[in-house]
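One chain, chain A, appears in both complexes that follow, with chain B as partner in the first and chain C in the second.
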Partner chain A sequence: MVPKTTPKKADVASSASKFSDTISASYKAYCKQVSGDRQLQLIDTFCAFLVAVGVIQFLFVCAAKDSFPLNAFLAGFSACVGQFVLLVSLRMQVVNSFMGISPQRAFGEFVLASLVLHFLCLHFVN
Partner chain B sequence: MRVVGVFRNVVRTLFMAIAVMPILTLVEAKPAFGSRTLVIYDQRLTELDSYSTFFNSLKERSHELTYRALGNDSTPISLFRGEDRLYDNLIVYPVRSRHFNKQLSVENLLDFFSSGGQVLTVTSPEGLSDNIRSFLNQLGIYPSPRNYYVNDYYHGDENNTLYLTKGKSLNDYVVSPGDYNLVYKGAAALLDNRQLIIPVLQAPKTSFTLDSKQSNEEWTIGSEGYLAAAFQSLHNTRLAWVGSEVFLSDEFSASNGRFAEELTKWTFGEKAVLKSVGFTHHHASGASYLESPYKVKDSIVYEIGFSEWNGSSWGPFTSDDVQFELRMIDPYYRITLLPSETSSDAQYYTTGNFSLPDHHGIFTFLVDYKRAGLSFITEKDVRAIRHLANDEYPRSWDITNSWVYLTSIYSVITVWVLFVVLYLSLRKPKTVETGKKNN
Partner chain C sequence: MATSCTQKHLIRWIQLLLKCTIFLSLTAAAVSSRLFSVIRFESIIHEFDPWFNFRATKYLVNNGFYKFLNWFDDRTWYPLGRVTGGTLYPGLMATSAAVWHGLRKIGLPIDIRNVCVLFAPAFSGVTAWATYHLTSEIKDSGAGLLAAAFIAIAPGYISRSVAGSYDNEAIAITLLMVTFMFWIKAMKTGSIMHSTFAALFYFYMVSAWGGYVFITNLIPLHVFILILMGRYSTRLYSAYSTWYAIGTLASMQIPFVGFLPIRSNDHMAALGVFGLMQVVALGSYVKSQVSWQKFQTVMVVSLVFLLALGISALFALTYFGFIAPWTGRFYSLWDTNYAKIHIPIIASVSEHQPTAWPAFFFDTQFLIWLFPAGVFLLFLDLKDEHVFVIAYSVLCSYFAGVMVRLMLTLTPIICVCAAVAISKLFDVYADFSYFFSSSSAEKPNLSKRDRIMTLVTKLTVCGSFLAYLVLFVHHCTWVTSNAYSSPSVVLPSRNPDGSPALIDDFREAYYWLRMNTAEDAKVASWWDYGYQIGGMADRTTLVDNNTWNNTHIAIVGKAMSSPQEKAYDILKAHDVDYVLVIFGGLIGFSGDDINKFLWMVRISEGIWPDEIKERDYFTPSGEYRMDAQASQTMKDSLLYKLSYHRFPTLFNGVEGIDRLRGQNIRQVDIGNLDYFEEVFTSENWIVRLYKLKELDAMGRDLHTKGEFDRGSSRGIKKRVAKKPLLDVRV
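And now, the complex of A and B:
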């Protein structure tokens, strides 16, 4: 039991500490999950790279104040987003494989879907 | 004897030369469209002899005059044979005869006018027949009724004769600018507010038009009245109205002669007559529309040539206000044309290179030159402007902006290939699986 001298401050302090606790706990859990698993590290690095490329393109549009080859922008941006989505779904299956779908099959589907995505993007950019 | 004979021959040739030369030079002056002129007059009102100067001036300008006197007979006046006009120009003097309304109907007059016949109507307070009045009313000219005289205490005398010392023409193309000393006795007209009507001579500010029998009714007051007016239809047929018979007479020809001559010259198409000698438009490279149809943003040149009738032949017409329009309902372009080449009979104008709008559709290439007093010119050409075909757009690598997006796509693909290779190479050891399970 915590003494209730200044309940509000204590609440604020406790919620703040709870938040930081949660952050640190999830960070620890993440580190624990990833450590030693080179595959997950690889997937996460690729995800970070995709986010960076997507942000760069968006900033470029803002800086140029012109979305002129809009199809090219959409193709470039959706390549990042689509690849990111596919990667995350692969990661989910790597961590905890779905019922009746082996990790090998999941990876095969990932490769196939990625190839379709690249094909579409390259055609859309003209 | 011989010497005398030679001398006589010399005198005769000299005389012939002097007599024939003016005829030769004058024969050149002629109307642009036709010179068969019919003069209709009322025997009881008009003595043709007192208009000899006026008619001589017309004859000198190659008019073939036919006179038709109206008396007590009521045989119809035919202006057409079948559908062909018998005359090119019509001069109607004031007519009092009641038969005239049946002899020449308003429909006949309008047919004549709209089929290209030029009309000069002279009315007077003594002679304003109903057919002429309703014909003029249809065009928007309302001459004062019978017995209404225009008068002015400052510029006139007690006989309703006006002395305009500084008469000014209201339209420089109809009557060239300058101060005219004019003598006028007759009617004034109210004019409609129509663009086809060209006011020529305005009544003085101090004038008024009054019934000479009941002096309490006015037709015009001050400068709302007009003493001479002109009208040009969209087919370029011309009409002029003068409300005074004596305006054209020998008695006042010394003062009025030049004004009357210019007015009749304009009316009968001897001046201020324009025509287009044709237009062309093509790619800036010189290829025609047929060789390669226009597409959006193509560079195009439009050219047109204008001629003006100078009284005897067609010559170049120079102006700086000719405009070209590229229209699809609204004008997408309105370009003032620049003079380019001049030939002996035409002045050519060009737009220079201009690029078509970024909009496909059916466009009209239009020159619509309408100036009060000059012939109207309308040249239209309807052409399709197509959009780009799917292989005519620039490729992505031609646009520098898209290099960023291209780079990112290819980097995603490259990194993905690397990822697949690394992933497969990492997959082999089973330790990862066990390690994960241990977690």
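And now, the complex of A and C:
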């Protein structure tokens, strides 16, 4: 039994180290990317804020054990999710703009989509 | 330099002009070929469902949008009523009401009926436009124009969009194509704006047709395949995430859809792919930072973990009832026998039957054999957007094989693929520039013979395909005029001398109902006619084509298949005043109630297996007969009696000949009708109306009373009925 488990353990250990390596490397790269770029910092702060708000809403529903006005919860939650993905899409274009779409146009499109999203949320939240 | 520049401008202008002309003529062709029904018959709403849509539109126009959304309809599904505002897709009605208001604003007050009748042809032009753009994205604008021309006149699409066919599909196919067009654009460019438009049109589609689930699953499938092919890109992320976030939120605004997008399994694929997209986005970021080997382990471990988590969560949520399991209609798509066994009401609808093979050729003619060629050509240079077309083709080919009505969703993609194939062919074979090029440097060294042979080959191929195109136009016109332009409310026929005539029994009977019965009279009929009775006769019905309550339908089915005294009790308990049956035996109209009778029996057997048994309605040898050999249960059933009541008097009083089934019906088998009283029979006997007799004032049961009356009235001359001279020519 012993010889069988050791390689597994070693495997697990190595993959764990790989994990930590990967995460630290990505984190470093991320810090490098963000430092000195106010735009990205702003976007990421907003993203973090949205995640926090979304998590709080979800926890609230869990704590209250009731999602009674489900539409209200959904509206609030999907406003966070929707705005988050829109921001990430914008961020991707800020970092490396898509062919045929200038950063200015990307921002305009982002604003348009956000307006639509929030109009829908307002309508849904009643 | 300047001259070449102006030349380029000139060419561009000419191209634009040509395109506009082509589009105008395409729209004209699309609209005019859909007008056969109006010219042959009149401006009238067709078939069954359109009558409900028409009635709902009238309600919307008269009462406003707010009241429309809160509409509780107490004139259907008596005594339950129907929460109509919350159980319909309002897109169609809202659009036509908007058109009606818009036209009034600009000083063109048009009858709402005409708006409804001409709605579908008008939108077919938009479909052609959207198909053009979609195909342009997939190949080029040449293929786009061909595809637009095909979709404009393909019978598969015309079948649901002739003038008067005021159904959800009329607008839904247009929206389907527009949504896909924006999706392809969004996916190619990664533009948030295109994606938002795709989501908004998706919302419009959700508001218009239940088939929106097709989009909900096709787009995620496309994305999923792309991810599996390793074609993830930030553009894909931006397009899909935006579409899903806005589209899903928007779709939940429709009352009928409500929270389905987060509750039902039909929508879970989209959510799953959305989640996957986020993980893949994170993964690809991480991947760009570390070496491939490290990443591989990390990826495999986390993928397995996530997959296990996701699937178990889905099962757990379904198990605990947070997510509704797949719907019956969905199961019937995969297991074609499912509906027959579990939900006879779905199987009983003729458009839910599997498609016959000739129907594919009938509906699309030569496009059907170009379709695989087009798909193959797309496989050759498998770009991202081609994957979409391929996924669409494969899925829809299957669906169209399972259900006749889904032929409608297959037709657009057939047109697109066939257009790709033909335009590829023309790219190669219609390229004669080589013969006109003057510079000898470009000419390769070919012998004269070779050059002539090339020319001949090219001319042959182009010529034969032009001939096919001409044939296609002829076929489409022929099919449209012969098969798809009948309103089915009015039937075409011929006089004995061969001149055309119309059989207008339905409207005759419905109008009779409207004028001669109390306004709150309740009419029992099989559910097929519910919408028409509501729309044309404006009377309360027990069941209609909405089929939301199987038990209620089974009640009517039970009444129809029970002996008359029992049926009388059932119907009286439901406050019924009149019973309407459709009878085609005299004139040979095949869609009558006796032909649908087995479904009534099956549906009620599903609820009362002890009382109604399908086997009892067949002859001992298992045949479905109406003549002397018919089983006693069949002869006793209410529908048999109501259909054939007084029928033999048209012949010799002893035996009548049912022309539809080719059987002799004996007066002895029909017997007497004691509990019902015939109040109206239309000219060709297609619609027969009976009134439930009042309870006897002297307290006898109605059968005894009938016996007594017959005993006392011997010798009084009966009303003489005359046989009509018309024939059905359908």
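Everything that follows uses one rule, which is that the second predicted complex is superposed on the first by the 109 of 126 C-alpha atoms of A that agree within 3 Å, B and C clash if a C-alpha of one lies under 4 Å from a C-alpha of the other, contacts with A are read in each partner's own complex, and residues count from 1 in each chain.
Rule of thumb we're sticking to: a contact is a pair of C-beta atoms (placed from the backbone, for glycine too) under 8 Å apart; a residue touches a chain by one contact, two chains touch by 3 or more.
Note that the structure is a prediction, hence the values are computed from the model and not measured.
In the superposed pair of complexes, A:89 makes contact with chain C only, with no contact to chain B.
In the superposed model, A:47 makes contact with neither chain B nor chain C.
In the superposed model, A:109 lies in contact with chain C only, and not with chain B.
When the two complexes are overlaid on their common chain A, residue A:64 makes contact with chain B while staying clear of chain C.
Residue contacts after overlaying the shared chain place A:38 against chain B, while chain C stays out of touching range. Legend: residue contacts after superposition of the two complexes on their common chain; A:121 is shown touching both chain B and chain C.
When the two structures are aligned on the shared chain, A:73 is found in touch with chain B, with no touch to chain C. Judged by the touch definition given at the top, the superposed model places A:26 against chain C, while chain B stays out of reach. Look at A:99: by the touch rule set out above, it reaches chain C but stays clear of chain B.
On chain A, the surface touched by chain B in one complex and the surface touched by chain C in the other have residues 71, 75, 121 in common.
Taken in their complex, chain A has these residues touching chain B: 32-33, 36-39, 42-43, 46, 49-50, 53, 56-57, 60, 64, 66, 68-69, 71-73, 75-77, 79-80, 83, 107, 111, 114, 118, 121-122, 125-126. Taken together, the chain B residues at the contact with chain A in this complex read 393, 395-396, 399, 401-402, 404-406, 408-409, 411-413, 415-416, 419-420, 422-423, 426-427, 432, 435-436, 439. The touching residues of chain C, when paired with chain A in their complex, are 189-193, 195-196, 199-200, 234-235, 237-238, 241-242, 244-246, 248-250, 252-253, 259, 262, 278, 281, 285-286, 288-290, 294-295, 297-298, 301. The residues of chain A lying in touch with chain C in their complex are 14-15, 18-19, 21-23, 25-26, 29, 70-71, 74-75, 78, 81-82, 85-86, 88-90, 92-93, 96, 98-101, 106, 108-110, 112-113, 116-117, 120-121, 123-124.
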